[in-house]
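The first chain written gets the first letter, and so on, giving A, B and C; residue counts start at 1 in each chain.
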Amino acid sequence: MFLQTLDILGTIAFTISGVSVAMNKKMDPFGVLIIAFVTAVGGGTLRDILIGVTPVTWMTNMTYVYVIFAATVFTVAFKRKINYLRTSLLLFDSIGIGLYTVVGIEKGLSAGLHPFICISLGTITACFGGVIRDILSNEIPVIFRTKEIYATACILGGITYFLLRQLPIDDNVVFMIAGAVVISVRLIAVKFNISLPNLYKNDPNRSV
Amino acid sequence: MFLQTLDILGTIAFTISGVSVAMNKKMDPFGVLIIAFVTAVGGGTLRDILIGVTPVTWMTNMTYVYVIFAATVFTVAFKRKINYLRTSLLLFDSIGIGLYTVVGIEKGLSAGLHPFICISLGTITACFGGVIRDILSNEIPVIFRTKEIYATACILGGITYFLLRQLPIDDNVVFMIAGAVVISVRLIAVKFNISLPNLYKNDPNRSV
Amino acid sequence: MFLQTLDILGTIAFTISGVSVAMNKKMDPFGVLIIAFVTAVGGGTLRDILIGVTPVTWMTNMTYVYVIFAATVFTVAFKRKINYLRTSLLLFDSIGIGLYTVVGIEKGLSAGLHPFICISLGTITACFGGVIRDILSNEIPVIFRTKEIYATACILGGITYFLLRQLPIDDNVVFMIAGAVVISVRLIAVKFNISLPNLYKNDPNRSV
């Protein structure tokens, strides 16, 4: 129940982020809805396709469809007010990637895959909704462009998950600690402006 | 037989639209062929992947491959003449989305999915060939940019389909009426220049 | 063993090409790794999804993951030196597409598909890693833009494969000859600057 609530919060956060991007691109109402939808379910869809879980998850659980539709209508209606929510959004978004990461890992384990592959699947679940959103909006995906700690938080949470599974700890506790690591790493990195190392520091052709 | 003929006409219309976009981008012959191909089969391919029907449909029925190949060669050869066909093209394209919408819905029903998901699958089948065409051509997909009634026609046809299924009407008749709704909505919207509501009317940051 | 070695060489070549594109776009370390990864495995992944082989191949064989990771780190570290390898790169890349083409064809045959579809799958395996790399980097895919002989080499190799299978020749020999045709066509085309015919020669609207 608690996890379900967090999952819904994560879905809402991703939906709002999709609506914002689509409206900045002046898309029509149908475009806004589609971009919101793929931002929220794109990562899980790609994960399901890669491991062969079909029909993909959102097709067999209408809750996601209703939540995304309602969140899209709400965000479009209150767009100018939504900026006040910016801090809450970062929190929801971080909860979203934390939860999606662990869900993706567990789907990989169910399919009997190697821990590295499971961590990749967790990261795909958390991050590729945003990647597909950016491709459809004709942008280089934001997680490739900025040096922000985003996918890295997912990977660290994934490593935590597999380390803790070696210990005699209840599975649900492992789930929550790993998710908390993703969320904490992301929030701490934003708060203290920590970023990935710059590959281009000593590059004589540096253009920026 | 009649439906098969319409399906082929739809495939030809989508192929011609793909060739036109690719040639405007000055792509090489191989690029033109690929763009024509994904425009014609991309929507159905995404639908099949999402519901787990593999190998995807066009791989197990060579008719599509031959038709697309022939239509591509013909369109490239007679490019300058093809502009005279513009009105017929709109008709074929509308027949194409009408038919593809209903085919997608029926595939969703076979997979035991919720009516909303079936309508989404119908819309994906009809519209995502064009979306993939635009992504490969490095454009924001045209159905997201314009306020034209396109996906909306598919959705209205899909709703009609499920309403009629409640009545004691033969399945083939339901199929044809729903397809006719898609086609009519599309043609009437083009004729009378009807569009989706503008989300940005009162937006102080409006850039256009 | 010999084929496995060639496969690894091909994977390394594709990884290096992905890293080069990503670093030219000034992507962050995570973006560079992802682009390298999709360049190396993207074509095979799309092939597996289309025919329903899931979990996709790289998820069940960790060798690819380790090789791509090591090749990415190496290429980033020695980026300025890697330009000296340019000639070897063309060779590796050509070996890569030759091998990937035949592997794709054989996967299609295992799925019981028509020879034309098998040749398409071989071409997809060889070429679509680069296509996905370019889409993620927000470029029109390079194989659609240039008139270079690339996909054409794969198609010619595929035709050779099916012609030779009519003869009483050992399967492994057919495999190697078809791969050699892809590699030779590609290298000869580069050496003698042979290209696809220009579709736009007599076009009055020609912009270039």
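Following the convention adopted for this analysis, a contact is a pair of C-beta atoms (placed from the backbone, for glycine too) under 8 Å apart; a residue touches a chain by one contact, two chains touch by 3 or more.
Here's who's who by UniProt: A, B, C = Trimeric intracellular cation channel family protein.
Not measured: the values here are computed from a predicted model.
J.: Same residues or different residues where chain A meets chain B? The copies count as same if more than half of the interface numbers are shared.
T.: Copies use mostly different positions to touch.
J.: Superimpose the Cα atoms of chain B on the matching ones in chain C and note the rotation angle, 0 to 180, in steps of 5 degrees.
T.: 120
J.: How many angstrom lie between the CA centroids of chain A and chain B, rounded to a whole number?
T.: Going by mean C-alpha positions, chain A sits 30 Å from chain B.
J.: Residues touching two or more other chains, restricted to chain B: which are they?
T.: Correct list: 49, 52, 135, 138.
J.: What residues of chain B sit close enough to touch chain C in their complex?
T.: By the definition above, chain B touches chain C via 22-23, 25-32, 34-35, 45, 49, 52, 54-56, 59-60, 62, 65, 76, 135-138.
J.: So in the complex, which bits of chain C are touching chain B?
T.: 49-52, 111, 113-114, 116-117, 131, 135, 138-141, 143-148, 150-152, 196-197, 199-200, 207-208
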